[in-house]
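As written, the chain order gives the labels A, B, C and D, with residue 1 at the start of each chain.
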Amino acid sequence: MVVILKQKAKKEEVVNLIDWIKKQGLDVHVVEGASKTILGLIGDTSKVDEDAVRANDIVENVRRISEPFKAANRKFHPDDTVVEVCGRKIGGGNFQVIAGPCSVESKEQIKEVARDVQASGAGLLRGGAYKPRTSPYAFQGLRAEGIEFLLDAKKETGMPIVTEIMSAAHIELFRDVDIIQVGARNMQNFELLKALGTLNKPILLKRGLANTIEEFLMSAEYIMAGGNENIILCERGIRTFETATRNTLDISAIPLLKQLSHLPVVVDPSHAAGLTSLVEPLSKAAIAAGADGLIIEVHNDPKHALSDGAQSLTPQQFGEVMDSVKRMVEFEGKHF
Amino acid sequence: MVVILKQKAKKEEVVNLIDWIKKQGLDVHVVEGASKTILGLIGDTSKVDEDAVRANDIVENVRRISEPFKAANRKFHPDDTVVEVCGRKIGGGNFQVIAGPCSVESKEQIKEVARDVQASGAGLLRGGAYKPRTSPYAFQGLRAEGIEFLLDAKKETGMPIVTEIMSAAHIELFRDVDIIQVGARNMQNFELLKALGTLNKPILLKRGLANTIEEFLMSAEYIMAGGNENIILCERGIRTFETATRNTLDISAIPLLKQLSHLPVVVDPSHAAGLTSLVEPLSKAAIAAGADGLIIEVHNDPKHALSDGAQSLTPQQFGEVMDSVKRMVEFEGKHF
Amino acid sequence: MVVILKQKAKKEEVVNLIDWIKKQGLDVHVVEGASKTILGLIGDTSKVDEDAVRANDIVENVRRISEPFKAANRKFHPDDTVVEVCGRKIGGGNFQVIAGPCSVESKEQIKEVARDVQASGAGLLRGGAYKPRTSPYAFQGLRAEGIEFLLDAKKETGMPIVTEIMSAAHIELFRDVDIIQVGARNMQNFELLKALGTLNKPILLKRGLANTIEEFLMSAEYIMAGGNENIILCERGIRTFETATRNTLDISAIPLLKQLSHLPVVVDPSHAAGLTSLVEPLSKAAIAAGADGLIIEVHNDPKHALSDGAQSLTPQQFGEVMDSVKRMVEFEGKHF
Amino acid sequence: MVVILKQKAKKEEVVNLIDWIKKQGLDVHVVEGASKTILGLIGDTSKVDEDAVRANDIVENVRRISEPFKAANRKFHPDDTVVEVCGRKIGGGNFQVIAGPCSVESKEQIKEVARDVQASGAGLLRGGAYKPRTSPYAFQGLRAEGIEFLLDAKKETGMPIVTEIMSAAHIELFRDVDIIQVGARNMQNFELLKALGTLNKPILLKRGLANTIEEFLMSAEYIMAGGNENIILCERGIRTFETATRNTLDISAIPLLKQLSHLPVVVDPSHAAGLTSLVEPLSKAAIAAGADGLIIEVHNDPKHALSDGAQSLTPQQFGEVMDSVKRMVEFEGKHF
């Protein structure tokens, strides 16, 4: 950590600041420049509160040099983490496609979609039971009943299920869910993250709409700090000025996350673009950039979908996308 | 609502779509253009699911013409809402300053700050008991004990208190809190919003980092749909490419929110800029743009603050800012 | 084009507006809704000035339904445009890699890089003679002499050259340049675009830092409206809140541009990320998403580069990237 | 400047780097941390090329500590610059309103608007002769004839004129223009900036759509480096994800620019919001935040304006805004 002092800093104030830093177990090197003085902090700075340092009257700025995350950091865990659920592996060369409708609408619907996507090669079934909707007047999901329907579909097909949690109060209802998804809007719902950290169950953590890669990894760190290290990171597009697509898929996030962290990375091309015609090219691009999996929306009757129909594929379209996906996964030397 | 059809739409498909829309209780006018056909939907479209319409194969795009919020909409409630708490009014010409530290750190600290900010003219006391922090290793707040300390400070000074909630599970602990704050990261924590909708207590709702004005009002609508209409909207800066300030204060949001909604609007200049030197000019600008109040961070010892010290004012600096604020409020014809 | 009227619009005013629109050669259909009236404009609306319509007192909003670009529009030119220069083709299944240093620094340097990148499979040579630099104190390029050195390198290797123009006043100096590049900062330098429209020479048009896909295509339209239809579009990253990469590569822009337009699309992974370690994964992703070419920075001595060294590959690194690129191009069924 | 080295850096490489830096006339202090080594560069680093340093294999990152601008920097010129033209002063407590139509459309139009805005208190007349339009099919301005009409209006009213230049090739036509405006899209048209640096005439420099405050000041530095120090900075809104307003007025830029630089700052509330109803509140907010002037669009017949009618005020609306503006300017202790 580098602390840049203001030009007007008095000698006595600088000495006081250095003492205060040293009391936190760090060593300090002073560099006096032509116009400014900087302090180099030496030691484990991951627990130093940048803001507390910055609050000092004589401090102009603080620059962190090491990453503030530890458990999620590849430097300390060079090998890829492989998340395994019901025999399906994600990460370390293992690739999975998670598919299903935005919302679970009925027992028949979810079973039918499950059979369809399984036939095309999807390894896990997704479906929303609790739905985060911008409008209080929009369909909010079947909630507990939706999870029951997902479990029915699992019983029939054997596919492990992935579904989104919106509150720590619902954790008990998710005890049979295979992978719990944290949506983009809850990426910094820290109370929820802490609660999930106490579970022994994989978490699919989606990147927030306007969160940096560092914040994303810090949210994974929240869960891992609680003891749950089974995290799958999910890039799903960020919010920018561009309106031609619903969000802007940050394709660079994939190789960057893989460099910075050992956790597997999956991509959601459906929400990233909000356009069915982009699901195939974005899926291929994600695999080429190093993704460990995809999560794709499929609906057996998109035109009557109760949410997000615009970006859902029909089972037939999904089959065509999967043909491409399989070829690209093989080309990249990964395996299902 | 206007539905734009694809060029390739077949007559039969168009007829089916029109039938389906009519079944939802709406009337449809067809406009056949040179290259495209558009449908004009007539009736109460606030509950029509845009995505369900867009999911139809022959639909190219859907444009909403009326705002999707009702309870928060000034069109249906032309008069300003005035939120009142312990005799302090916000809105409708009434102005309030809410001040206090980012985090409650001790009983003495919060009492001292309370006395200081009250002496300078603040009407309400703020202080974080539950703290949303990016890092799991940063100070997380005194939590329940922090609320106790705030209540002690209230007992001594008579100032109503404002503090942030991070989970619906904590609501019981907030029963004596005067105004419950929802932070930017929880603006779309819909389960929390629903729970707050059942209370009979004012809610200070902060705009999310990357949320549009419409989404902001839809989150207010979530709370109001549950029956709680005591909402104070808070603009606190949005995330943009500019890094010279922590966030970009969206000053235009103030007059726009006042035009679109009857709810009072307060501004947080401390978080918006993240720089103490900008608190005064941004406070003045906010009042000039029509704000009904301010929420300002004040710490009695910013250099040892446990969070967000960089943007906190000392009590003396706050006193100077308040001199400016009072003159500007008076100039604008509002009253404390 | 759909015109949404304000609720308070008087009948007489509406009639006047309709008359004014009809005078511009369009037909108007009126849809009277529950709370609002909308007008559907029928005919060739590409030349109607949205702002002029919006300026009318009774108009609340205007929505364009058809794209405002014609010459660049795939609807009117379904076949891919293939740009050809010195026997190298770009577009329509033909793929090219353009490589070279950010800045031309000396005759020897550019010749050496040219030989190196040609040996690895690059088809065209790039190099900056005129350099847009944020600081007036930074190296501004060798200018006219830089073009001479590029032409020397072309003479020796036979590689066509691509270099950036910064002012219409320099056009005469670019008469022997094979492809003229317009940089991101000049994407809306309309006087320059108009001047380039009168040439009979391919233009590589880079997307601006904060320009939408529609604005990008409108800038291509500027050049095409002047008669020069040899345009290559270049996605090079947009500016967002994320700071881990220099820019955010908008990977979705590739398939979208290919859908909307018949022009070839190349990608600049070097500027998009600003990190050498991302050049390979982003190059592969771009090809997988449908790109027709790449433009990559290569420097024979990056640590002494006079500009943008951080993102330049060494010739050896470039060779390794090219191995990946060639395999991916072949996998996608395209050819050099 | 602080240079952070990679963990793997070898001693010999570090010595070589230090030698190379010292050859550029700087001194280097080495700080060896627990996991990383940093170098503190001492001396005048404003001309050190960050990218050249970053290009070194062993460099992980470079952080600049001093601002890279000199001529525009308040540290070296503590007193406010006052730009004066035909007796009108801007800056240092002097406030001016520049008003007029987006486009000059006819001699009568511009004269009429000039008389109207002068009667309401505007000190300078603006009007676009050369118009940067997104579409090549939109009205491009009257060009040279437009400047003639502006000069006619000046002759009649005595108001100095402000108009936008789009190419250095047109400079001769601007010889009688009082203040030359550089539009947002040309803020980094460096060839144009250099050409304007050789003139002895005030330049109104608008901030680019997606340019940081530092880049904005570096563009001012370009003009100043050429010898022309008469620069007026203009904040006109930046591009963000919010679509309710055309751009997002960055109100914090006003006090920040005033802190960092001695140059006067004016605000364009018309383009910032794109909505006439926001011109008054944003004008007041800008003055409260410390602006030295405003530039406002006024049209005598907005509904038939040839460009940007949606945001133009009628002369009567402008008169009402000016009443507010005058009171606020007086309240702030500034004078016309």
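The rule we apply is simple: contacts are C-beta pairs under 8 Å (C-beta built on N, C-alpha and C of every residue); 3 or more make two chains touch, one makes a residue touch a chain.
Everything quoted here is computed from the prediction, not taken from an experiment.
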item	value
Pair joined by more contacting C-beta pairs (A-D or A-B)	A-B
Most widely separated chain from chain A, with each centre as the mean of CA atoms	D
Centre-to-centre distance between chain D and chain B (centres being mean Cα positions), rounded to whole Å	31
Approximate Å spacing (C-alpha centroids) for the pair chain A, chain D	39
Rounded Å distance between chain A and chain B, as computed from the means of their C-alpha atoms	26
Set of chain D residues in contact with two or more other chains	210, 239-241, 243
Chain D partner contacts - residues on chain C that touch it in the complex	46-47, 49, 51-52, 54-57, 68, 130, 132-139, 166-169, 185-186, 188-192, 194, 208-210, 215, 218, 221-222, 225, 239, 299, 302-310, 312
Chain D residues within the chain B interface of the complex	210, 212-214, 238, 240-245, 248-256, 259, 272-273, 277-278, 281-282, 284-290, 327-328, 331
Residues on chain D engaged by chain A in the complex (per definition of touch)	2, 4, 29, 31-36, 38, 40-44, 61, 63, 65-66, 210, 239-241, 243
